[in-house]
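First the structure, which I've put down as structure tokens, then a few questions once you've had a look.
A, B and C are the chain letters, set down in written order, and residue numbers restart from 1 in every chain.
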Amino acid sequence: MFEATFNQASILKQVLEATKDLVNDANWDCSAEGIALQAMDSSHVSLVSLSLRGDELASYRCENQISLGINMNTMTKILKCAENNDRTIIRADDDADVMVFVFESEGRDKTSKYEMKLMDIDSEHLGIPEQEYSATVQMSSKEFSRIVRDLSTIGENVEITVDKEGITFGAKGESGSGTVSLKSNPSVDEGSSNITIDLTDSVKLNFALRYLTFFTKAAPLSDNVSLSLSADVPLMVEYAIGDVGFIRYYLAPKIDDDEDTEE
Amino acid sequence: MFEATFNQASILKQVLEATKDLVNDANWDCSAEGIALQAMDSSHVSLVSLSLRGDELASYRCENQISLGINMNTMTKILKCAENNDRTIIRADDDADVMVFVFESEGRDKTSKYEMKLMDIDSEHLGIPEQEYSATVQMSSKEFSRIVRDLSTIGENVEITVDKEGITFGAKGESGSGTVSLKSNPSVDEGSSNITIDLTDSVKLNFALRYLTFFTKAAPLSDNVSLSLSADVPLMVEYAIGDVGFIRYYLAPKIDDDEDTEE
Amino acid sequence: MFEATFNQASILKQVLEATKDLVNDANWDCSAEGIALQAMDSSHVSLVSLSLRGDELASYRCENQISLGINMNTMTKILKCAENNDRTIIRADDDADVMVFVFESEGRDKTSKYEMKLMDIDSEHLGIPEQEYSATVQMSSKEFSRIVRDLSTIGENVEITVDKEGITFGAKGESGSGTVSLKSNPSVDEGSSNITIDLTDSVKLNFALRYLTFFTKAAPLSDNVSLSLSADVPLMVEYAIGDVGFIRYYLAPKIDDDEDTEE
């Protein structure tokens, strides 16, 4: 039997908001350690990896490893029936064809129980190799969302450049072009972006803004986002989920003629 | 001549919001006692009954009984031209083909006057028999709206069960099922639902969520809603309008195969 | 070279919001004195005139007169990439085919630079004769927006009457009619409209609400709006832009049979 308790429904709600537009159906792999989900988006371009550690949840048990096939939109719909502060239990028997959701209101005089049908989903577990990155940038998740949104109005792709100076995002389109630059080690004033950069080699890589836009749906989970880049390997965009786990997105760089003129 | 003055436009605005989606055209029956409206929805499934007592209004006069045929959407449109706090007068001469609206702003330096054409509407006054109910539940109108909204995402019908323990709402659909339970006599903590139940017999009845959704449009009128149920008679959903009156909705239960398996 | 610096992006954003729905493409005429824009709406019914004085900006230089052909929607899109408080520089070289936008965040650790392609636009500079008006009304810009919005739900045209008593707006439509009256010299209570009227002759004129609706998009620029009217000449609707300049709209009155029955 699998059972996990969250002190608040909001974490699960935010996790679903961060994944449902990218992935329609996915297996939630539950083991003694916790919950893991790994899936490619429907166009097989980007990859999302979610990890929630059982011992950091309000309570957790999972005797036998179990893979729960879930339609992400249905789960989103059911989680919308919970108030953000509701204590939330998700549960499935070992041979279950349903997942059970229990939402308890703070005063405990309201209890909601939902059952969601499970699905059989072909599981294609992808090994994600541990990777050393040339550059890792920590920045405000809101700022990252804002930049992705702004440059999406200019063009389809963004060129991300990281060097000692900072990080620069650039886009080009029919009506013009735009670049947004954030300096590293900024003064820690209130208005500052507070970015930190861990750099071994400068990088300049191109990515499709369409997928970065999907990734920024995770911004409510964390004040910060980390971007890890190396030439010729997928960008990793990571949002921590408190102390409980993380959600990571991977996106391969675009091979672009402009790359030949790399500085 | 008929003339009624409301200290605030907001009551009339809320009354229209609570009825306009259910009823397109309706007669407002004005008499010395006050204003009454009774109408079936356009699919003739549910019934709405509005009552506003003249002596509880800021001022009221109606020498001769008069029936004013009103297009509810037009009246909604005109009321949107009033600020919530505007002193509001509605008026019609005995042989009038228009209703007059006067909105006076708080400072009185702005006055708006609208005339709305009246219609001839076939009047089908339905006697609503006084009814003893097996169960009457008082609960938060916001909570009721929330439950109706949540279960509407799960299925088309809701099974309402009232017994000594409390009230339970249940729905089933293609992707799963849900039940929401509220305990009676809860601790009067802040987070509590504060429901009270007046019970002679337990009831378990099925209703179309589509119509309950229409009824919940009245929630801004009152913090509380009262649900009155008996086997085989229509559910009555009542929202008080301050001390001025009430709006009541009636909906017959659905005859459902599940009822055979009643506990 | 032309370069203008605004302490905040919000003024330019609001100027664009106030013009882009009326005018698709327009020449921004930059001279030593400042920036001017004059254009008819696409249906050639109304005229908008914008003026920003260089010496009231954070900094300004323009050695040679230059006319910058701008697609207003593209410029709106680029300005949306600025935070309201961003220090904003717009710049163009004398023979430029692009306009450059630089947005600096308050902490200065974020800098965005956008380039927008310029267009060749046939310039049709219209002399707007200085005009004495029979009536000039100063009123709350929010109140004016509200009245235009309300009466637009009633009819297509508004009859504006100004006399010693105050200003009255009236509209008629299929479902009824409405008039909104504001008294002049009101008590200066909080709820008052604070209108002031400068009157030599009473006026009663008809205008298409569709265009007034466009004009009210400028309301965020100023708490007050001024309406200047005379028989047979276009209405002028003016919003001040702080001490920096103004935006003025002109709209010819409609010739209407009702005018024969003028009081």
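The criterion applied here is as follows: a residue touches a chain if its C-beta (ideal position, glycine included) is under 8 Å from a C-beta of that chain, and two chains touch if they have at least 3 such contacts.
Each chain and its UniProt protein: A, B, C = DNA sliding clamp PCNA.
Computed from a prediction, not measured in an experiment: that's the story for all the values here.
Chemist: Between 0 and 180 degrees and rounded to the nearest 5, what angle rotates subunit A's CA atoms onto those of subunit C?
Modeler: Roughly 120 degrees of rotation.
Chemist: Can we say the copies subunit A and subunit B touch using the same residue numbers, with more than half in common, or are the two sides different?
Modeler: Mostly different residues form this interface, as fewer than half of the numbers used are common to both chains.
Chemist: Using mean C-alpha positions as chain centres, tell me how far subunit A is from subunit B in Å, no decimals.
Modeler: Roughly 44 Å, centre to centre.
Chemist: Quick check on subunit C: which residues sit in contact with 2+ other chains?
Modeler: There are none in subunit C.
Chemist: In the complex of these two chains, what residues of subunit A are touching subunit B?
Modeler: Against subunit B, subunit A makes touches at 71, 74, 77-78, 80-81, 98, 105-107, 109-117.
Chemist: Across the complex, what residues on subunit A touch subunit C?
Modeler: 143, 150-151, 153-154, 175-183, 186-187, 189-193, 195
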